[in-house]
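Two complexes follow with subunit A in common, the first pairing it with subunit B and the second with subunit C.
Let's look at the complex of A and B:
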């Protein structure tokens, strides 16, 4: 404890502290301060994402390659990139997307939407098969009976491996919709649900911990950085 | 025609990208024209996608201006808040696109900590984002209570796992069960929480990932083959 109040002289810290208190005021009830903070957040975040999208994606990947002279505005010392006229295509498709703004031109936005859906479907089909489906099956295919260095059965580890394999299979059974879940099949699927509930519980536990650490960091900001009490 | 042709585009782009997985990648300067074509597609379609996403941000901005601008014009309910949204949006967009502050001219990183946009991020975006998420710490407590009241086998499994993880990952949880003798050491909370993460949690996660992967593959195939048509909207009469 440093003892005593040492208020920050930074404008950023004062604005940050005021906005933090405005958000926390929601714990009392919905109020004008919270609403104001919420609306400012929406406006600033939307613009921030747009600005980053323009300067980090549109400018270097499209504008600078379509008009290489423009690249000198941001990086004067860089070698001018070569023309890539193929990039006109995504730019035109992007402009067609703005057709959604008028009822008579909505149909134009189907082209960029079609390209986006085709790209997502094409990439995801291969990516999910490789990294999720095959890789997870490969990781699960490990021997369930583990031996110690002395050649004896490591009961604990073997049991854990068997539970891991059994739990995975039960979970997959739950996702099998081509067969009605009845009798023994339903019991296996029910066990799969229990394993998935443990997964959700673990995720929930970690989420709570993450939120509490965020809360601690905000309190540290208010009491330390802003008020200088700690 | 207006919906049939885009449907063909979905199929063409999807099939081309799937085929890229089966065409060997040539060394720089080597390989035939087809290999070069597929390599170009594989490397650049994701960039094209990102370029189009920036235009989609523009669409979002137009929608935001339409909703909040309309409310301010009509002096509708809560219009002063909409005005705040518009002002915050306009000011941030202006200082960000013009790269005000920070390195001279248009050089430098737009989010540089010395630039006005960087300072807006530090003073507004970062505290608001952290506070909004921190606020949820209070609400998850009531969510846990509600989960506890639903006395089913599944809810109990969820809550038991969450409690062991929450307590077992802290020094308090570790100290709480230190008295357990060595033969029962596996029941110490820190070990139990680690076991839950590494065994039943992993089993559930693996099943979910395999299930999601199968779902994504099936949906991708349906989209490419044109069996899923609703995504492109209805044909106007």
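Let's look at the complex of A and C:
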């Protein structure tokens, strides 16, 4: 412990500390300070995304390639990109999206929206089918009994695989609605519910850890960077 | 104490616990964490198999291997993911690998800039920018960006964050697409993130993917280990374990900051307090039930 207050002289740190305390004040009750911090966050985020999107994507990947001389306006040493007229198509689609700004031109935005949804759905269907369905089935097809290099049964690993297999089967049984859950079938489905409860518990535990991590970080900032107590 | 007094006392305790203002709990939690931060409480950590697998993947790559590291997170998840980025970047630099930094998140540029300033330029000045590492930064497009650079880096990244032409950078020599990379590291707190890197890059190109996720997202990625994700760092604990692995594997190297290890002490104290509150809440419930039966 360094002992004593060593307040930061940085304006940036003071603004950060003030905004942190404003947000924390919501724990007491809703108040104007919290509202102010909330609005500042929303406004700054929107402006940041817009400006960054223009300078990192729209300018170098569209404007500079349609009008190569433009690249030198911002970075004189930059290599002049070659013309790429094919980019006119996405640029036009992007401009059509702005049709949403007026009720009479909303229909124009349906074309780029349809394009975006269609291509995303097509790409995602193939990828999800391959990685989330087929690859997961492959991963689940593991032998339940594992032997060590000495030929003995690797008890821990075998048990782990058996639980994985059992949990998968019980979970699938629970979500099988074409057969009524009765008798032994219901007991297997019930075990599936137990496995799911364990999963939800794990997720909740991880969530608690994540939230506490954020609190630890903010308090570390307030106590260390701002107040200089550590 | 007579039987009536005893019942009245239990009743008051039960009612007190049931009506306890939640703000006392917030205050107790904040105080416990603040005290443990000031007291610098630390607990030793050992790498779990998930984290060890990620560490081994970086450790066993031949020097000069090109690693794509995607920092797909925002300031709100920085406390969990930045220590991972710092530890993995240090490890890559120590092992002589080439690091290509990019992001599919618009907030990624600031995260990359912090990594460059705090770790790469400050701790490894001999590993020069453009030769040992490059910050390509953010581009929009989400998973379509990953899809595009899977085929051709140049189509999306003509220059780095400083405006230098990628064609002139030695670090990118021989790297024309994601398939030319040796490892993909995705540190993510949402979509697009680790899942998209597995779906659109790792599973398609065969380039191994190692990931780090916030605590909230970690359970979602566990089924991908070990076939589709070769190593996984889950939340602050995962980051602390990686720092421990780096300490064990490279004892001569001093890690200037170990934010995750520092954060796990207060974390453990907070968890203990939460468990205590859960126990107290249940005791209160039992007392109330007994009270109801008594009346």
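The rule is simple: the second predicted complex is superposed on the first by the 206 of 230 C-alpha atoms of A that agree within 3 Å, B and C clash if a C-alpha of one lies under 4 Å from a C-alpha of the other, contacts with A are read in each partner's own complex, and residues count from 1 in each chain.
Basically, a contact is a pair of C-beta atoms (placed from the backbone, for glycine too) under 8 Å apart; a residue touches a chain by one contact, two chains touch by 3 or more.
Here the structure is a predicted model, which means the values were calculated and not measured.
J.: Would you check which partner chain A:207 touches, where first means subunit B only, second means subunit C only, and both and neither mean what they say?
T.: A:207 contacts both subunit B and subunit C.
J.: Report for A:26: first if it touches subunit B alone, second if subunit C alone, otherwise both or neither.
T.: Only subunit B is touched by A:26; subunit C is not.
J.: Of the partners subunit B and subunit C, which touch A:105 in the superposed model: first, second, both, neither?
T.: In the superposition, A:105 touches no partner, neither subunit B nor subunit C.
J.: Output check: A:160 vs subunit B and subunit C. Expected answer is one of first, second, both, neither. What do you get?
T.: After superposition on chain A, A:160 lies in contact with subunit B alone.
J.: When the two structures are laid over each other on chain A, which of subunit B and subunit C touches more residues of subunit A?
T.: When the residues of subunit A touched by each partner are counted, B comes out ahead.
J.: Answer with first, second, both or neither: which of subunit B and subunit C does A:54 touch in the superposed model?
T.: first
J.: With both complexes superposed on chain A, which partner does A:199 reach: first (subunit B), second (subunit C), both or neither?
T.: Both: A:199 reaches subunit B and subunit C.
J.: On the A-aligned overlay, A:229 touches which partner chain: subunit B = first, subunit C = second, or both, or neither?
T.: It touches subunit C, and subunit B stays clear.
J.: Now for A:148: first (subunit B), second (subunit C), both, or neither, which partner does it touch?
T.: Neither: A:148 stays clear of subunit B and subunit C.
J.: Answer with first, second, both or neither: which of subunit B and subunit C does A:36 touch in the superposed model?
T.: After superposition on chain A, A:36 lies in contact with subunit B alone.
J.: Intersection of subunit A residues contacting subunit B with those contacting subunit C?
T.: 27, 48-49, 52-53, 56-57, 61, 74-75, 119-120, 123-124, 128, 132, 136, 139, 199, 202, 206-210, 212, 214-215, 217
J.: Residues of subunit A touching subunit C in their complex?
T.: Residues in contact with subunit C: 1, 27-28, 48-49, 52-53, 56-57, 60-61, 74-75, 77-79, 81, 119-120, 123-124, 127-128, 130-132, 135-136, 138-139, 199, 202-203, 206-210, 212-217, 219-220, 223-224, 229-230.
J.: List the residues on subunit B that touch subunit A in their complex, please.
T.: Within the complex, subunit B contacts subunit A at residues 2-3, 6-7, 9-18, 21, 44-62, 64, 78, 81-82, 84-93, 96-97, 99, 105-107, 110-111, 117, 119-138, 140, 144, 153-155, 157-166, 169, 186, 195-214, 216-217, 219-221, 223-224, 231-233, 236.
J.: Where on subunit A does subunit B make contact in their complex?
T.: Counting only subunit A, the residues touching subunit B are 11-13, 15-17, 19-20, 23-24, 26-27, 35-58, 61-62, 73-76, 86-87, 89-91, 93-95, 97-98, 100-101, 106-107, 110-126, 128-129, 132-133, 136-137, 139-140, 156, 160, 163-172, 174-175, 192-202, 204-212, 214-215, 217-218, 221.
J.: If you look only at subunit C, which of its residues touch subunit A in the complex?
T.: 23, 26, 29-30, 33-34, 37-40, 76-80, 106-107, 109, 137-141, 143-144, 147, 156, 158-159, 163, 165, 167, 198-200, 203-204, 214-216, 218-219, 223-224, 227-228, 234-237, 262-263, 266-267, 270-271, 274
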